[in-house]
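Reviewing the structure listed below.
Chain lettering (A, B, C and D) follows the sequence in which the chains are written, and residue indices restart at 1 in each chain.
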């Protein structure tokens, strides 16, 4: 697939995700892997619900601009790079900020445990609801080198295979195509919303 | 009505239901009965908010593809078949995944009891709010043959006439046309939302 | 203003109100007063988010069809007639079904008391937030003659001047134009949402 | 940038903010500074989700119409003027009414304290989540001269630099462009929603 087609897919993803309220203001960032050392990525500060081709830039695997451009690479490029490094099948990474993901990531400690949901089957390699999946929560850190090291280390140990949360910040999810990454975002955000509602509901039963 | 017109109605239903957040990712599936042994049905894995005619396929009453196609019939086709078998008036079946239906199906045991809601009048044969309707909740099961047997048995006993929930999974509703099935989904999802909010509110009164 | 223009305004109102989730399925109904004994009104059973001119019909002040038409007047036409009779300034009536209005009308007894909200200034004759407005809640009744009598009697006593709720059913609001009626629906539904959230929040402070 | 372009940006902002449910009915008002003593501003009573160029008017720094027009300047123009006076970098001011902002402003006393949220970085001069930002809450007052004096005094003391809430009323936020003001509204409304949800969630942990 050529760059223009992938750009269009990321633009459409942005419109859909903004409509759902999951990429407020200039929050979030999206990328796709074009080659082993080249990412197409939303530049810093653009609005994900109003993306145009001009908002994208080429980034290398160190998170730096890989073209002569006035646009600035997002500091979080390093997290995208970490994911692509740790998961060879990842072709697109979507980072979103939703209210349920944000409040859940602040209310829980180490991770969100998802079990007995049919939608878990959207995740890679899962074919039944009778399973328990952990979406780890990493503490937020403005030092992206340090944060990406934490994430790589966790992924090396097998955590965060299906996505991860950064506390008070949002979700990172990915897939072997923009469409698959988007399906995972939709499924995980849905499940976070269910988990948050369930937490509110438990007040009643105590 | 010809296949193209019914396909268009199912596509429109998908757009509307996705906009409401009730068919996240590739969740849900839709069908219409074309003849006593032929269903038009969304194939496995497609996104219900972005349906096109290419996402549909013909399925027989055993839930198998009834045409030469690269598309794969959804495993849940069997549940659609069970509904069409048990309700001769059913011409369209819509299966959705909403947050309120999901959390409610996990918080309650046997069923959701709906009473004193004006919107109950959208359901078949109901002309007053002064009635109590049970939407049964069946345990989720990846064995569709077994699950469809459970559902058929329950329907034979008169349960689930107005739709049913599968725990942690979602709603099945239907009608004598795509429009009627959609009205029932809209009404039931609305009522599940009311019931969930009421459960949250009861915390206050205890 | 001619009938076509008023019809267009009611159609637009339907689209907006459905997008907000306030007229699920075929719930709700809308009308406008064309002359002292003629209403333009949505016919029974149509979907308010998908209105076209064909969904409207002329109704007299007894709630009966005032033209030769295959469409059926809504049973609730009588409530619209009661409002037009009791408020000479009413030119349009909008009836909606929202989740907050529905759960609030079931959780409270006689009425919703709204005070200290800036948006109260959208209501007729109110120019400050430092006021207490009651939106009465009437018990639902399938006998529309009886229900309209209850409402007329309450309005005669000065209750329900700014709109009223029917328990487990929804809101009636109106204005001197379709636009004004719509503003009042938007304001009241917003305030019901605030009241419901506040009720949920009070659990915390007890 | 010319007036037509700024008008278009404010119209787009209105559509987006109404879609999110943050400017119900004729609530809210928007402005942009054209010159040291000239504001472009939405006139009183117009619907922010349906703005057209005809809804805008020129206002001077005393909040009065600065052109011969049948439109009426909003009483709240004075608050816009106060903001432009106190913050020389402000080029656009957006005032919104959301449910979370409204209920939060009624549930809390002096202000909303926001800390450890990544989205705080959308605010002016903030580059880390490890910070505590107060969005002050001022009591609502129909006397706009008095209220604007209260706000100016608070801003002179360094409060409300990132926006402020009026109790039971809504948010004022601004920026050096319409886009920046809008980003801040999106970020703050998102954070108010998070804070409200967290308050509901705390009921559970007590």
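Criterion: a contact is a pair of C-beta atoms (placed from the backbone, for glycine too) under 8 Å apart; a residue touches a chain by one contact, two chains touch by 3 or more.
What you are looking at is a predicted structure, and each value in this text was computed from that prediction instead of being measured.
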Any chain touching chain B and chain C at once appears in the list none
Given over half shared residue numbers means same and under half means different, the chain C/chain D interface is different
Distance in whole angstrom between the CA centres of chain C and chain D is 30
Note: chain D sits from chain B at a C-alpha centroid distance in Å of 43
Multi-partner residues in chain D (2 or more other chains touched) are 200, 203
Among line, ring, star, complete and other, the chain contact graph is ring
Touching pairs of chains in this structure are A-B, A-D, B-C, C-D
In the complex, chain C touches chain B at residues 19, 21, 24-27, 47, 49, 97, 99-100, 102-103, 106-107, 140, 142, 166-170, 196, 199-200, 202-203, 206
Within the complex, chain C is touched by chain B residues 16, 19-20, 116-119, 122, 127-130, 179, 182-184, 186-187, 189-190, 193-194, 197-198, 200-201, 203-204
